[in-house]
Each structure stands twice: as structure tokens, then as C-alpha cells.
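One chain, subunit A, appears in both complexes that follow, with subunit B as partner in the first and subunit C in the second.
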Partner chain A sequence: MSGGWVGTANRLPGARAGVILLILTAGSGAAAYLRLELRDLLPTEAGLSLMREFFAAALTPAVRYQAEGVPPGTMPLLIKVLSAAVATVRFAVAAVTLSMLIGIPLGTFASESFWRATAEEGRANARIRRAVSRALYLAARVAIAILRSVHELLWAVLLLAALGFTPMAAVVAIGVPYGAMLAKIFSEILDEAPQGASRALRAGGAGRLQIFCFGLVPLALADLVAYALYRFECAVRSSAVLGFFGFPTLGYYLVAAFENLHYGEVWTYLYALFGVVLFFDWWSGRLRRSLAT
Partner chain B sequence: MTGTERRQQVRALWHDRPRRPFWRRSMLALLALILWSLWTGGFVGTDVLSERRLASVARFVSELTPYPLRESGVSVSGWLAWAGDLWAQRGQTAALSTLSISVVAIILAAGLGALLTLGATRTLATAEPYLPSGRRVPGTVCRAWRLLVFATRMVLALLRAIPEYVWVFVLIGVLGPTPWAAILALALHNGGILGRLNAEVIEDLEPERLAALRATGAGRLQIAGWGVAPLALPRLLLFFFYRWESCVREATVLGLLGIVSIGFWIQDARARQQPDTMLFFILVGALLVVLGDLLSALARRWVRDGR
Partner chain C sequence: MRRGGLAFQIDDVTVRFGDLEALRKVSTSIGAGEPVAVVGPSGAGKSTFLRLLNGQTRASMGDVIVDGRPLSDLGPGALRELRSRVGFVHQDLRLIPPVRVIKNVLAGRLGRWSFLRSIAAMALPSRAQALAIHELLERVGIGDKLYERTDRLSGGEQQRVAIARALYQEPRALLADEPIASVDPKRASAVLRLLTEVCREAGLTLVVSLHDIERAQEFFPRLIGLRYGRLVFDRPTSEVSSETLRDLYSLEGDRQGDRAGRALS
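So, the complex of A and B:
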């Protein structure tokens, strides 16, 4: 934040006005294209009362059903919220597990330091080996770019159309783009890890996998785990939103409650989502601190 | 050194290795969580490879061929003509709308974020920013500033924590399905993120130069405008472009909920059961995301390295 940024701060001034002007021009062009009018920002009377009711309900989340005449034998609202939260976590855990299975090998192949660690000199067919490793590296990079560019909800749309309604579709939908994202970040973390240990191991005659497993991975492990846990938090949010497609996660019940105008229940589900996200936030923070020492 | 000595040394090293009980217990808990979710979730099962599913996949794959080409046979030129028609009819407008929504949204988010940053930055939102004047500050004033920081940070947390999709649901209810609903949803969520990132950048600035500004008699807002802003701008721009990338990604998808962006046509094709059109729009969305990533990476590199 110090040295380098001072230089940048001094280099940018001439261009500063230019950048901001460019951004604002793009913005007004976009607004004109969308035919945005400030008038449309004024909500209708009905909209206003909806907004008032919705935000008033934030202070009084429902603890029992807001509908009249709930059939006897229905599980209490709070139990239902809990089971939806548990389902949300279950989808998220399965999806992150899949994303690790995809992301760890893909990220390894996409990192330059893996190939550097495994490049052996003086072996037969050195040139062929180098060409093959180059091709694998590029293939991993391209695969990451492709898998990552499709949003998890669009993966869900595709997989639901192909497979029909099955819990596996939701898990794969989150797992694939998250796996590519993990792979991208993993490869960057591996490349940024200090290289001294792996150089020393190579000088000591260690083999390729030895260098990678004992010279690179332990140094990067803390960052890898911290990032994986952060993605876990995102996966909880995504799995909640996947409820919009009918999976029994928080989003499903949230939309149903919203459409029945039971805003108190909506907030109960929202607070349950906060609770789960906050719990994982706390967990990952604590883990990161325990690794830092 | 004899063999036994060496063994003892290794044992001593092993005995003194750093231990992390919390780490170990967490890993066990994570493993248990994974096994439990796979065991009870019904994600893996024989059902996946049932004949019915495989037939459904086969039908889906066959329907990915554009409809007009299914009879006449697939050719590159026919495929291109089909895609070109679709692009001219709907794709172009949808792609431009999606991009426009993301641009307007990120600008509003930056404005909202900047406004909230003022209240959330501990070094600015305080009785004596950067240079204590030596006057005694009443305790109530200090507490009021602290309360302001706390309240602003809570607002930021709330804005961040509610997913864009929930904001869109509420906003469509309030405003109807105009582009504003998507724009405001993205702006609120990203404003919360930018506000927090900005506050951290500003708190990390070196205080000396800003203290000098205060010594000349500049007030809090003057320090923010003429000291903090120029110093922090490169970093803030990095975050701006980084969040814009994610705005493009989300703007494509928000259309699924009924706003005219690419997602709208994906949902439309899904409802009409036209996998060919659906795939076309998903690919257009993917191209847009790649384009956004590329532009944002170029802009960030330019801000960072000046080239």
C-alpha cells in the first residue's frame, strides 16, 4: 500500500480526469440506450406500501406462520426454516466438495510453478515432454476460462433441461463454475508462493512430485484453505438462490413467502441465511488466524 | 552422529512440531460435514444413470441442433445463418442492454459506496481526523462518531448480505419490471461491497501527508476530497473495475427474473422448451462475461502499471 502506490498516485494524475470522464460518458450512453428516466424511479402507491411493509417486517420476523388456518400437523415455522437452512448447507457442502475435486487438479495443471517443478532436464525426449506439458498447461487455462464464464444459475438452467429435476443437477451447477474459479485462484496462489524451498529441494535431487508436494503445497496451504472456505460462504448463498428453481433450500421458501405477501416469514428466512453465512465467516476467519501463527 | 542420536533428534523435532488443535478439529468437522451431506443428500445414486435420465439427456443433446437445421441437415453456413438471425433479432439488443445495466449499476454503486465510505472510515469519521489539535474533545462527541461508524458499517453489511436476486424480487414488486430494478439491485449489493473495500483502503493510507493537509486548516470533507481521494484513487479504481466484472456476470442472470437482459431470453427459451435458442443465449452471455473480464483486466493493468 505504501511505496508502489505513491508512484501510481503520481503517475495517474494526467489520466485521472480522462478515466473518470470515460466512465461517466459510458454511463450516460448506457442510460440513454436503456431509456432510463428518473420519473420511473418514483414507486407507485402500491409499490410504496409494499416497500414500507417489507422493511417494517425486518424488525418483526415471523416466528409462526402468518397464514390463517395452517392445516394441523404442519411442522412449526422455525423447524421448517431450520430444515431449509440444513438443506442449503448440504447442497453447498456437496458442491464445494465437487469443486475441490475439479479445482485442485485443474489448478495444479494451470500453475506455472507445477510445470517448473516437474521439468526435468537431461531426460530422454525432453523436447516432447516439454511440448506435452505446455499443451496440458494451456488446455487447463482454456478449460478454466470456459467453465468460469457461465454463471452457476445458467449451469443450473442447462443441467435441469438436460437431466430433469434432480438434486445432482444443483450440485453440479454450483460445483463446475466454482471448481474453475478455485482452479484459477489456486494456480495464482501456487505461483505466488515463495520458490526458495522448491529450489533447495531440486538442488538436493528431489523428484518432480516430491518438489511439488513438499516444497510448494505446504507453503501455499494456508491461503488455499482460507480461499476454499471463503468460496464455501459464497456457495451457501448460491445454494440458497438455487431454491428459486424448486430445490428445497432457503430460496424456495423465501420466494413462496414473498409471493404470499408474508414478509415476516421472508425476513425469518433471510436472517437464517445471514446466520449460516456469518457462522462460516467466523469459522474461516478463526482458521486463518490459527494458520497464521 | 550415530543412528540412535539421529533418530532421537528426529523424534524431538516431531515432538516439538507446531500444533494447531483448532485446525485439526476443523478439518475433522469438515470431513464429517462432507460425508454427512453426501450420505443424506441423495446427490449420488443409481438414479443418475437410469435409462430415463440417459434418454432425457440424449433428447436434450439432439435438440441442441438448431430447429430449422434438424430436417435439412447440419452445415456450418446454415448454423451461422441461424445464429446471425437470432443475433440480429434479439441477441444484439439483449447484449447491449445487459452491458448498459452493468455500467449504470456500477457507477451508482460507486457513488453509494463513496458516500457510505465517509461514514465507515475510522480515520475520517472521528472528532480529530489525522492530527489531534490538543483541544479536549467531550466524551459524547467521541461516542457519537463511533456510533456513526458502527451504524454505517452495519448498513454496509446488510447491503452486502442480501443477495442481488432478493433485492430484484423486492424492487420488481416496488417499481415493476423496469431496468431500474436490476440496476438498483446491483448498485445496492455492490455499493455495500465497495463501501467496505474503500474504507479499508483509506484506513491503510499513510497518515503523514493527510496530517499536513489538516495542519493547513483543511476540514474533514476537504481532507477527504483533496487528500484522500487523489491518494486512494488508483486502488479504488481497481476495485471499481473488479466489481464491474461481477456486475456484467450478474446482469446477464438477473434477466431470469423478468428484466430485459440476456437472462430474459434464456428463461423465455426455457419456458418454450427450445434448447437450441437457450444454448445460443447462454453462449452470448458467456462471451459477454469473457469480454467484461478482458476489459476489466486491461483497465486494472493500466491503472496498476500505467500501461
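So, the complex of A and C:
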């Protein structure tokens, strides 16, 4: 039935050593070509003092603006940090929602077990059906590979040029490559789910959608949710970084504070980011546990 | 369960997996409402024989005729329709592990429900459905497990969930592949009694594969013996001698010809 492990067992005994050797050779080759030198790891005198100052500030994050002469009526620093954190999460939520809208159908079409579970049996125009499903499967795989190969920062550059400076550009920039990543992992999760239940439903006369929804998805659901939550965490980080382009997320203010050498403020923004990530980590852990029971 | 049993006719069927013949020129027929046990050593082709009857496995040669209609003629719709009327208890159970028992049993009826109806039932089973399923589970001795997560149940309990699912289908035939493999001896007799009684009352055809030859003799009036994919006997239980049975399970035997390379397991 499943031939996977047989393949592993039959693999050439020297193959593993060969792969390790190949990786080592490639690694040292690249290092030589790039002229990587350990000496370059040592910071300059000026850099060293800057680093010292920066890390010292970690213990004393700012609670108030470090600049003097802040115009009256400026919102307090902590409120600004909070609103930047909220904006970061807002962009991340929108982007992950978009990525699910892309990733779920794309991942389904790119999974072999979806097509296996939903293949019709019996005498019918089987050849045409098979050709159509094969074409959809391949199209989904190619789409995933293409969309995924472009990083969200590159997407942001492209989309800002195309759509202008709108929140939509940021959301699409994260949502599209994330959608492709979700699709890839979703298809793998679906393919790894045991086939028994879907075979039993088919043997009981269930239709294709029924087989997929009740025989395949429940077996993969916990992993699908866990991965989507993990992607959400990544989206929070990406959305913070998109602030570099001027979106009002943590990254925007963080860079501004850094350029003004207000390291205390930098750390306040960083701690806000840690806080957001830790909070969602805790929350997703709870969610996953409740799904597992 | 009013519609009476399905009749099966197996017509000179050979089933090949690569160059292995899991069944070789098997012919027999099973009447509507008839209970039959299929016996034979491991690898004899019992599972293949059962899976043949609802088209899960296709005959390489020959054909299976169910209620007068050859399986090879059925289109997808007709095949689904037929399968929705055949309850099948898989040897490896094939339940949906991470969902509650009630949903696994409900899943037995998917073949007769539209997609929307099945969504509604699986999301929110009606009271009537819950009651009916609870009663079925009581009959197999796990009435208290209705809302338990299926993968938390013991092997024997899961086996009975699989049986309940097949019964909930309101089938016209029940095909059970080693349905008592993982239940204790006392429970095993109770399960077989239940299956034979339900099928007798409703006139369902019942085909069960069994390793337990004594129980096969106790509960079934007719035995089909398979060995190395061949049908070695097919007769009323009273006419199956203990010698025949010893031969069926003996480890040496016809190893000549195309069987020569086949490992005995």
C-alpha cells in the first residue's frame, strides 16, 4: 500500500555520508568565494561603543520621549507604542486572512490525497476527468512555487509601485507569499493524513466532497490550525518590518527612534513586539490544546 | 432495514496485484439474506474476497454480479448507490480518529445524504439521530461512549464503533472483515450473535471473514474456505470435516507451480 518507507530502507548506505560531504564542500566553497573572514566579525571601535550603548539601553526602555522639546499635544510615547502594536496586529490579521483565502483552496488542489479521495470510480468518462484533475493539480503546484519564490519585501516593493502607498498594498504583499506557503504546507499535511477513513467513507458510498470534508480534513485539522497560527506569528513580524516602508506599524517608529539614537525608545518598541508575539504564542497554545481534546 | 438482502454472484474471478494472484478463478454465489463465513489462513484472500463484493477491489478477470447487475457495468452514481446499501466493517477499522464516536457512526449514512444534509448532521446531529445511535452503541456494548473521542477508545471498543457504523447504514448486506479480531472471547460471541440476529431479522445478507474457526462453525450454516487465493471448499458447516479444516490451515500444501515462490505467512 504505502511504499514510502520501503524507499528509505533501500537507499544506498553511503548516500547519507555523501550528502553531508556535499553540504560541507558547498559551504566552504561559498565561504571562500565570498571572502568570509573571521576578522570581519570584530566590530570597529566606534561600532563597539554604539553596541554597548544600545544594549545598555535594554535595561532602561523609554517610557517617555527621549527628544527634548516635544511639541505640546503629541500623544504620549506609550500610547504611540500601543497604537503601533495594534496596527501591527491589524495588518497581520488582515494578511493572514487573505493568505488563508488563497492557501486553503490552492493547498487543497495541490494535494495528492485530495485528488485521490475525490476520484470517481466506476465506468465513466474517466480519462477526461483524470486529465482535468491532473492539470489543476499541476497548475496549483506551479502557482505555489512561483508565488512563494518572491519574498514579502519584494512583493511590497512591487505592490507599492503598482497600487501606491495603501494599506492594501501591505496586506497583499504579506498575504500572497504567505498564502502560497500555507498552500504548500497544507497540501503536505493533507497528504500525510492517513487514508483509511476516506477509503471507508468511499466504500460506504459517500460523495467526493463528503469524503474530503469528513474523511480527510478532520484528520489534518489540528496540524492545519497549528501551522496557520505559526504563520500568524510570522505575519506579525513581517507586518512590523513593513513599517520600514512607512506603514504605521512598530517597524516604522523603531527605525525612526534608531536613527535619532533614541535607543531607549527602540527598546520600548522591541519589547512591544516581544509582548505581542509572546501573547499570541500563549493564546495559540491554548487554542491548539483545546482542539486536541 | 426492510428492503431485504442483496444477492452476490462471483463469476470465475481472478484478482491480481502485480504478479501475485490474491484470488484465482473463484466462483460461488451468496443468496439474498444468507449468512456465510469465509475462513482460511492469513493471506488466503479473505479480505480481497470481501472487498470484491462491493467493488473496492476490481476483478482482473471474471465479474461480480450483485442483484443481477455486473459491477463492471456500474457508473460512478450506481456504484455509490450500491455501496450506500452495503455495510462494510474493515479489518483495519478505518474510523475517523479525532472525532466523537457519534460522528463516526453518522458517517455510515453519508452515502445517502446530500452534501448539505451531511454537513448539518455532522455539525449538529439531531436528537433522533443521537438516540438511534445511542441504541445501536448499547447493542454493541459501548452505549456510554457516544460522545467520547474515537481515538481514545480501546481497540475492541473501536471495532464495535466500526460495526455500529456499518449497521447505521441500514444496509441490505453486511460485509465484516474479521469483526471480532480485537474483542475479548465473551464479547466476540456476543458480537457475532448480534450480527447474525440483526441480519436474520431484517433479511440481510451477511458475509463475515473469521480466523476463529470454532465460532465460524457455531454461528454460520455455511463456510467458504480459501487458501492461497483458491476456493478449497464451499459447503454447509455440517459437511466441513475437521480433516478439511486441518488441511486448510496446514503449513505445507500445494506449493507446486506458480505458487512455488510464495512465502507462507
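Keep this in mind: the second predicted complex is superposed on the first by the 254 of 293 C-alpha atoms of A that agree within 3 Å, B and C clash if a C-alpha of one lies under 4 Å from a C-alpha of the other, contacts with A are read in each partner's own complex, and residues count from 1 in each chain.
Please note the rule applied: a contact is a pair of C-beta atoms (placed from the backbone, for glycine too) under 8 Å apart; a residue touches a chain by one contact, two chains touch by 3 or more.
This structure is a prediction, so every number in the text was calculated from the model and none was measured.
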Contacts of A:L48 with subunit B and subunit C, given as first, second, both or neither: first
Contacts of A:A257 with subunit B and subunit C, given as first, second, both or neither: neither
Touched partner set for A:G204, first subunit B, second subunit C, both or neither: second
Which superposed partner A:G196 touches (first subunit B, second subunit C, both, neither): second
Which superposed partner A:I185 touches (first subunit B, second subunit C, both, neither): neither
Contacts of A:M168 with subunit B and subunit C, given as first, second, both or neither: first
Contacts of A:L77 with subunit B and subunit C, given as first, second, both or neither: neither
Touched partner set for A:L221, first subunit B, second subunit C, both or neither: second
Residues of subunit B that touch subunit A when the two form their complex: 20, 22-23, 26, 33-34, 36-38, 40-44, 47-48, 52-53, 56-57, 60-61, 96-97, 99-101, 103-104, 107, 161-163, 165-166, 169-170, 173-176, 178-180, 183, 201, 204-206, 230-231, 233-235, 237, 240, 249-250, 252-253, 256, 263, 266-267, 270, 275, 278-279, 282, 285-287, 289-290, 293, 303-304, 306
Touching residues on subunit C, where the partner in the complex is subunit A: 54-56, 72-88, 90, 92-99, 103, 107-108, 110-113, 115, 118-119, 122, 149, 165, 169
Residue ranges of subunit A in contact with subunit C within the complex: 120-124, 194, 196-197, 199-207, 209-210, 213-215, 218-219, 221-222, 293
For the subunit A and subunit B complex, residues of the former touching the latter: 1-2, 5, 8-9, 11-13, 16, 19, 23-24, 26-27, 29-31, 33-34, 36, 40-41, 43-44, 47-48, 50-51, 54, 89-91, 93-94, 97, 145-146, 149-151, 153-154, 157-158, 161-164, 166-168, 171, 237, 240-241, 244, 251, 254-255, 258, 270, 273-274, 277, 283, 286-287, 290-291
